[in-house]
Amino acid sequence: MNWAWFHRLGSPPHIYRIAGTLTPWFAWLAGLLIIVALYSGLVLAPPDYQQGDGFRILYVHAPSAWLAVMIYGVMASAAAIGLIWRMKIGHAVAASCAGVGAWFTVVSLVTGMLWGKPMWGTYWVWDPRLTAQLILLFLYLGYLGLRAGFDDLSRADRASAVLAIVGFINIPVIRYSVEWWNSIHQAPSVMKMARPSMPIDMLAPLLMMLLGFTLYFAAVLLVRLRAEILRRERTASWIREVLR
Amino acid sequence: MSAQRTSTMTAVWLVLQRDLRLATRRPAQLIQPLAFFAVVTLLFPLGYTPELSKLRAVAPGVLWVGALLASMLALESLFREDAGDGTLEQFVVSGQPLVALMGAKTAAHWLLTGLPLTLMAPVLAIALGVSVAAMPGILLSLAIGTVSLSLLGAVGAGLTLGVRRGGVLLALLTLPLAVPVLIFGAKATELAIAGESLTGPLYLLGALAVLGVTLAPIAAAAAVRIGLE
Amino acid sequence: MCELSVKNLHVFRGERYLLKGLEFEVPRGVCLQVAGANGAGKTTLLRVMSGLLEPEALELRWRGGRVSPRDPEYHATLFYLGHDPPLKDDFSAVENVAFNVGIRRSVSRSDVRAALERVGAQRFADLPVRTLSAGQRRRVALAALRLSGTNLWLLDEPVTNLDLAGQSLVVSLIEEHLVHGGLVVAAIHQDLGLSLSRRFSLNVGTGEGLP
Amino acid sequence: MSEFFAMGGYAIFLWPAYLATFLAIGVNIVLARRAHEDAKQEARRRIAIEDEGPL
């Protein structure tokens, strides 16, 4: 039975299968990269002249912070695709992103605080980058809360898509206002110090970790995407073969 | 059969008039946000210190957080009553651009809450030891800031329309987005109190309001359509 | 060529696959009576046709051209009257009708009073709607419907809460509308009793038309 | 080897940070797989219902 509206969805059976085959590749590659990055970051990289070995927290803090922001971007663009071109696959991707994004925003905050403690003597300082990540966490919580508020999946998809897009437009505004607020109040800001021209043997592990985390996210996203596709495909006939 | 069709501008004016007239029929609802703003401000001298010099230092934050929470309070009813009695649906199928009607409802909300809150702020500012000279700056910054709050709130109210107990969620969605308004607004008020020029933050507040005016009604319209399904 | 045609209409409500490929046409001057058990999808059909509910798929043709149910130009030609009449309790009947119609086309207070009189609502025209009975509120909504000057009426059980006099009022309003070349799609529980030439029937549950 | 774990005295900050991160990595893998299993389970249940009688 050919349902015309099916093609508009970006042929889920096709995407479901591709997601299945790609996941292990991403997973193994991510695992390998992370292990190599761990070894080179913790063992090979020289200690920082100022923070000593403490700076190595960077190798988990920076990738988590990057993931938190990048995932929101992926979520918002997928939501836009779902809302504007009415493609359910967009909503499925957006729904798959939110949980992981929120988790890694929390991780970036925790690792940021553990890094800040030896530096500033307290776990929390209103550093602009940490503050912006905290607000980002509330954006994720708002998104998850809104999505949970609807029983009907299609309404939940579209409402949360509007929020994701509005949130995404506001992220640069929030980041600018927090930086502006920080500059006029001279709150301590250490995060910048760790990033400038790092020697290659310090930088290489970071880049590997960033790529490893991104591939890890891709693997988790694809697994969740398959779940979200099944939830949205209701009684599509192709599901029968897949589930056999 | 079809006489001369109402223009969008007339429809917007009609919606604005309707909401204002509705508010006059139930004045109690108008006073609640103002009372809430006063109570919140009153808590600080009691909870912190009666010393005017110290209160003056925290006055910007108190005024803006109070105004923010008070305007949040009034958002719940922005769409929920109209959705309940079926009139909001008529907006969607009226043939008039829903974005424009959402703009009208948000403008009515600002006139009924944002503006009164702004006009009341000087009285509370005096209670926090702020000199009269700072009043123009406070009025101006709050006037512009509350416009953005109403616009952001309209999006939040629209999104939580389809959610049963949407009240708390409405605040959770709207407050993070209102952070820039709070930062620039509080700074503008602080400069006003210090007697310095506040054009910098005022321009930023103005920019936020313009961003809000262009985007928020579009998002609110989309949100309301989904909420009414 | 039919004035209004619906094809390939698929709607899911949460888990339920409510409307499966519904198809029908409504020529000018005819009222389509939509029957079906409770929850069969009568209201859903009307809300989809008025653009209030997003379907999985729909091919809607209005006045010959394919149109989206969310197009404001299409909305300008239709009036949707749901289960509860769209009235503000704090407003009087006159104010309510003046607004509901005024947002569509310019209308004077005398037009509004004349419309209220036509539906027998002139006695309570200036009372806040809060004080009116369900039947009276329904009449006020019918006044707005009639005065709206729209061509396509989408009515969800228009005779609910109405006494016999009220029900015959609805029938006469619809007949009058059809004579002027209007169209009506009405969700009904029992037949409205329109003249034979003026009505079709469709059962949304089973999808086949009744003569 | 032990001075490696000492991490120049930052151990009590560094290892909890790494632990938290890899805990999150593990948890999200489990959550993702479970979400997929649940979805498959639900789809099977829906298909079973559909095979019995029309929806």
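Note that the chains take the letters A, B, C and D in the order they are written out, and that residue 1 is the start of every chain.
The rule we apply is simple: a residue touches a chain if its C-beta (ideal position, glycine included) is under 8 Å from a C-beta of that chain, and two chains touch if they have at least 3 such contacts.
As the structure is a prediction and not an experimental result, all values here were calculated from the model.
J.: Report the most central chain, judged by the distance from each chain's C-alpha mean to the global C-alpha mean.
T.: Of the chains present, the most centrally placed is B.
J.: Look at the interfaces A-B and A-C and say which one is made up of more C-beta pairs in contact.
T.: Between the two chain pairs, A-B has more contacting C-beta pairs.
J.: Could you tell me which chain lies farthest from chain C when each chain's centre is the average position of its Cα atoms?
T.: Here the answer is chain D, farthest from chain C.
J.: Need the CA-centroid distance for the pair chain A / chain B, whole Å please.
T.: 32
J.: So what's the Cα centroid distance for chain A and chain C, whole Å?
T.: 48
J.: Averaging only over C-alpha atoms, locate the centres of chain C and chain D and give their separation in whole Å.
T.: Result: the chain centres lie 52 Å from each other.
J.: Taking the mean of the C-alpha atoms as each chain's centre, how many Å separate chain B from chain C?
T.: Roughly 36 Å separates the two chain centres.
J.: Mark out which residues of chain B touch at least two other chains, giving numbers and ranges.
T.: 229
J.: For chain D, write out the residues touching at least two other chains, lowest number first.
T.: In chain D, residues 46, 55 touch at least two other chains, as defined above.
J.: So which bits of chain A are touching at least two other chains?
T.: Counting only residues that touch two or more other chains, chain A contributes 152, 158, 234-235.
J.: Given the complex with chain A, which residues does chain B contribute to the contact?
T.: Where chain B meets chain A, its residues are 155, 159-160, 162-164, 166, 169, 172-173, 175-177, 179-180, 183-184, 187, 204, 208, 211, 215, 219, 222-223, 226-227, 229.
J.: Which residues of chain B touch chain C once you look at their complex with the stated criterion?
T.: 1-6, 10-11, 14-15, 18, 21-22, 25-26, 85-87, 89-97, 225, 228-229
J.: Where on chain A is chain B touching in the complex?
T.: 83, 135, 138-139, 141-142, 145-146, 149-150, 152, 155, 158-159, 162-163, 165-167, 169-170, 173-174, 176-178, 180-181, 184
J.: Which positions of chain D touch chain A when the two form their complex?
T.: Residue list for chain D touching chain A: 4, 7-10, 13-14, 16-18, 20-21, 24-25, 27-29, 31-33, 35-36, 38-40, 42-44, 46-47, 50, 55.
J.: Where on chain C is chain B touching in the complex?
T.: Its residues touching chain B are 47, 50-54, 70, 72-73, 75-80, 82-91, 95, 99-100, 102-107, 149-151, 180-182.
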